[in-house]
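Shared chain: chain A. Partners: chain B in the first complex, chain C in the second.
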Partner chain A sequence: MHPFAYVAPKTVSEAVSVLAEHGDRARPLAGGTDLLVKARANVWDLDAVVDVKNIPELMSLSINGAGLSIGAGVPCCQVYEHKDIQEQYPGIIDGASIIGGIQIQSRAGLGGNLCNAAPSGDGIPALIAYSAVAKISGPNGNREVAVEDFATGPSRTVLENGELLTSIEIPKPAANSGAAYTRFIPRNEMDIAVAGVGVFVQLDSEGKKFESARIALASVGPTPILAQKAGDSLAGKPVNDESIASAASLAKDAASPITDMRGTVDQRKHLVEVLTGRMLNQAIERARG
Partner chain B sequence: MTTNSPSKVHITTTINGQQHELLVPGYMSLLDTLRELIGLTGTKEGCLDGNCGACTVSVDGRIVDSCLVLGAEVDGKEVDTVEGMASPDGLHPLQQAFLEEAALQCGICTPGFLVAAKGLLDNEPSPSEDRIRHWLAGNLCRCTGYDKIVRAVQKASS
Partner chain C sequence: MVATFEPKTDYKVVGTRPIRHDGYDKVTGRAIYGGDMKLPGLIWGVMVRSPHAHATIKSIDTSAAEAMKGVFSVITGADMPKAPSKLVDLGEGNVNFKWASNKLMADTKVLYRGHPVAAVAAVDRYVAEEAARKVVVEYDVLPAITNVVDALKPDAPILLDDLVGDDLGEDVTNTNMAAHVRHEFGDVEGAMASATHTIEREYNMQMVHQGYIEPHNATALWDEEDRIKVWTSTQGSFPARTQIAGILQVDVSRVKVTPLEIGGGFGGKIPVYFEPIAALLSKKSQRPVKMVMERTAVFETTGPTPGARMIVKLGADSNGKLTAATADIWFEAGANPGAFIGPAAQCVYAPYEIPNTRIDGWDVLVNKPKVAPYRAPGSPQVAFAMESAVDELCEQAGWDSLQFRIDNASKEGTRRGDGVLFSKIGMQEVLEATKQTDHWNSPIGDAPEGKVRGRGIANGYWFNIGLKSSANLSVNSDGTVQLTEGSTDIGGSRTSMAMHVAEVLGLDAHDVRPVVGDTESVGFTDVTGGSRTTYATGYACWQAANNLVDVLKQRVAILWDVKAEDVDFKDGVFISNAESAKTISFKELAGKLEDLGGPANSTGAVDLESAGDGFGTHIADVEIDLATGKTDVIRYTAIQDVGTAIHPSYVEGQLQGGSVQGIGWALNEEYFMHEDGRMANSSFLDYRMPTSLDLPPIDTVLVEVPNPLHPYGVRGVGETPICPPIPAIANAINDATGKRLYSTPMNAGSIVESLK
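And now, the complex of A and B:
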């Protein structure tokens, strides 16, 4: 590992000033499950890592009438062990509970998953489906970015020099809504998604019609993708196999995967269609309670 | 003045119940901190990328891959390693069960499996076989085929 200094600021402004000072020779450290693997592989030349886990704001996890706020350093285990999150945000749990194994989940968080910006990030599609927003602090103040706009390419994000993700804000889901995420992997655990699909649906009070829907895809493009047309196609449609099949087909059209060692273009597109159908059905079941 | 070098971090940590004060280089993993600075070589190095679990230790009661933690991060925390499992009275029930069920061959994966399994049984004394297999998915063994390991964990559970 390239020798770097370890800095553990206690406030956001301290972290921002260290990051700004070092530019791309310093990186924030959350759970380290991507960062330390990449540091060891000498992906970057680092002078410093800035541990964000001593900043109380980045470690806070709160849920209230407005929604769910997940500090950028909160590990997955705390998210999926939280009773209220289990009840109100099952789609978030679906993602958080399949990132790596138990050892990884003790450390890895949704904030790190988002900032790492892998197309396969399992935490990201559900966040997009729930219309989550990333809160950012930097040398020029604070700003917010929709999660679907956060990654700009593989390992690339909207974060500018000195900027830090502070939290992910997820609005309170409407009544009669449900969400779900799954991925396809050849093993049972501990693998990188060949394709992943997260959905959010809001039904009418009878549970018979879609009010709205959002569908997001992983591992089928340079970034996680919001399949806007596919989700929008469901608004006002009856909840039946036909609506679901046509949305799944539009989701397939939104996928632009590559062929690599994990899967081919055709297999991945097919997976998106199948998984979208399954996740819509699961989210509908959850919405109906 | 190596002790004052800015890249070294002064930490106080409790390892297997014993307090240690250390100066660790900022980039040194917890795995190397344990093995090289403290001399606790029970924790093993396998893949160095979070896949094999041979380096599993517990930090404040949660199991982690010590190859993906920096030594500097455990300031003020409690670290438990395989060396802390046996007591003067004898082996930990998991260690005894691993012996009786022949749940090891070369043994390189064993400390990681023991610490991981302890993390499960400390919180869930009687997990199902599925739960055990799921919990241990972050530990790899290329010798035993896992069945004997799972049986040993079942034997040690109540």
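And now, the complex of A and C:
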């Protein structure tokens, strides 16, 4: 591991200036559960590590009429232990509560999960399904990016040198909506997704028809994927096995996985179809309350 | 003459469950493991490893590393003493110093990915790592061989130019085949031809790793007197000493090995990896050198157990009796010879009585790490093939597979596939006990929608070994006893040793304080392996305790002014035969020893030729998600003949641990290799061992058929339980889905594939 300076700024602007100074030889540190593993594996030679956990703005978690705001450094356990989030955003909870075990969850956050940009990031598909937006600050000011556009490749994001994620903003879910995320792993926990599927559905007031849906996939492409066609196909369709099966099949088509030690192309595409069906059913159940 | 013992039942200590003596230190984190080692002036050693699985070394330039500030020494293959080609038995497996030396540090060729080509010692780990990156090595990359079929092709690249293979007694050169052995009895072809039912199948298994949590480590000091002191986590301080001395070409008495606590081994910590290298670095640096392995290197360069290709053919008559069997077994040795085909031959048919048998085994070199013993090395592989074939034969013929196993069970007098005749064994008792279990007699229950359930059984066998052990005792004035024994403790054996002594002396288990000695404080003791420790070292402890009683009788004789022959000892009390009223307890006597001749010590030493065979049968229930192929083991029972369970909790622990490792091997574990010989999944993230969340409670049934070869009837128990799980799960999967899998791992992907 290359020796690095540890910096703990108290404001976003301080953080931005340190990051800008070192360019790609500095990185923000949230929970550190990806960063430290990679630094020790010599993935990078870092000169500075910028701890964001002393910046109040990045550690705040708030939920109100407009929606949910998750600071970039907030650990998963604070998210899934929050009563209102449990009630209103079950899909977020599904993701946040399976990242690692309890020790990991007390450090690891959704912000770090998003910035780490692993195709398998378990926190990301539900954020995409809920139409979440990433708030970014940098030397040239602030900007916002839809979560589905945030990752640009494995371990690569839209962030430029000097930029950092400040929070993730998730709109308030519409009435009669529900969401869910699951992944397939060979073991029961402490594992990495062979395929993951997050869905959001909005039904009509009777719960018989889809108003809209969003389906997002993990581990079946270079980044988490918004399966736009699959989700859109459900708008206006009756809630039945046929609609679900055809959306699942479209989700399968949206997957572009590779064969590796974790699974083959066929297995992963097959899993996307199976899991999409299962998650749509679960989200429907949640939407109907 | 081998001593035999009558079974007893009136034990006071044997069969109880005292808290382990090392328990407090372990749960409070105070126990000293290899990684905790600190010495004044300690520096760090780091290996420079080959990125290629197969290549010739064109040049090594260490000058930049040597010039770095903080670097004390750099060594390469040129610094390795030339060890002769000499085979030495290590109890479980053996070692040829020449190959062992070559495995630790490459000479002119690298033979597996991660093969060390140089080593650096520096002031701390980070400087050493930085310096290791500055060693420049030029390679000519060669094609890598990753399986036995490719290795034996006529035009295959040859790993070791100077290998002389043994093909049924004939020398062969220019080969990747280190050995081909055969055992044949009866008229195999005739019996197979006249069999009513036959089956022939091919089975393939990937390499798997022992997966101990503690990585390999060593600290060594080559001192000014030319003595080599080594502190390490090992499964045998004496076998480690043998290897270190052999590889470094020094007398064994120049090497002192101090064993530290060990965080798992399962056979994988019998071979040494860092010890001789740390010693050479120390010699050059004149400082103690510590090395701790990275997890990736643990996977890429230590362990594993052989991957295998096996073809098994069985023949049975119309009455459901096995009449003939053949097995062709190709095992991956890794980069040097030694793939455990001997044990595979011993184990393959052991649970069955079969009159006509043939076994052919091949020890084959591939560009993967040299295999190391892993819990019953070679036996789980052949159990997968044999027990799957037995089940499929029963299925074809319409026979009940448990009854078939009972009807064909081996017993006293049965000839094992390699020719040995069994003495008293417990296979039939185990199978009868299986039939009586609650598990076997309970319905499996309905699976939830989309899932199916199935049940499978399978047998497993390990022959167990005896060999050499030593123990010393001395009496403390407070009536307790100090025990120093030579077996490093990986499974709670210290407590079982103390219990052997306590039983003889009529003491509480905690009145005996057991310590694992270093190679200069206790007599020679073989490995903690081969399921020998409680059996053989326990025997030595029993012997030492009896010798101590003899010593103490003489002290009582002084006290009472009688002849030692007139002193009896029973339940912790010395009794006078001459004057029946006279008694003195062990504790009371201990307090008086100062005036009765002073220190009372004794010793025990054994060399046991045979050990008593271990048989087990397991029952596995699985539930499979038909859409994803995910398999959960929902109920599991391990039944085994354990002789006498000295400490039943540790015996149960062995059965459970072996079962769990077998379940992991069955379902998910594998060396997933790239074509160029790199392991793709060299981390615990992608090398999937089961966690506690992936397992049901493992029920155990201890069948106690006392072993006549041990004073308390102990039988080795540690290895047998890893043998049945793989076929039990294969049989359960077949029961659930109607599809049989012939290769491991039987993971979700292969199950979905089989259902297409």
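Everything that follows uses one rule, which is that the second predicted complex is superposed on the first by the 289 of 289 C-alpha atoms of A that agree within 3 Å, B and C clash if a C-alpha of one lies under 4 Å from a C-alpha of the other, contacts with A are read in each partner's own complex, and residues count from 1 in each chain.
The rule is simple: a contact is a pair of C-beta atoms (placed from the backbone, for glycine too) under 8 Å apart; a residue touches a chain by one contact, two chains touch by 3 or more.
Just so you know, these numbers come straight off a predicted model, no measurement behind them.
J.: More residues of chain A are touched by which chain, chain B or chain C?
T.: B
J.: Applying the document's definition of touch, where does A:D191 land relative to chain B and chain C: first, second, both, or neither?
T.: Second partner only, chain C.
J.: Thinking of the overlay built on chain A, is A:P3 touched by chain B (first), by chain C (second), by both, or by neither?
T.: In the superposition, A:P3 touches chain B and chain C alike.
J.: If we overlay the two complexes on their shared chain A, which of chain B and chain C does A:N142 touch? Say first, second, both or neither.
T.: Neither partner.
J.: Which holds for A:T152: it touches chain B only (first), chain C only (second), both, or neither?
T.: Touch partners of A:T152: none, neither chain B nor chain C.
J.: By the touch definition at the top of the document, which applies to A:C77: first (chain B), second (chain C), both, or neither?
T.: Only chain B; A:C77 stays clear of chain C.
J.: Can you pull the chain A residues that chain B and chain C both touch?
T.: 1, 3, 188-190
J.: Per the contact definition, I'd like the list of chain B residues that touch chain A in the complex.
T.: Within the complex, chain B contacts chain A at residues 6-7, 9, 25-27, 29, 48-51, 53, 56, 59, 62-65, 67-70, 72-73, 75, 116, 119, 134-135, 137-139.
J.: Spell out the residues on chain C that touch chain A in their complex, using ranges where they run on.
T.: Counting only chain C, the residues touching chain A are 126, 129, 627-628, 630, 632, 667-668, 672, 680-681, 685-686, 688, 690-691, 693-694, 747-749, 752-753.
J.: In the complex of these two chains, what residues of chain A are touching chain C?
T.: Touching chain C from chain A are residues 1, 3, 184, 186-192, 194, 260-264, 267, 270-271, 274.
J.: Which residues of chain A touch chain B in the complex?
T.: 1-8, 29, 31-33, 36-37, 39-40, 48-49, 51, 53, 77, 100-104, 106-107, 188-190
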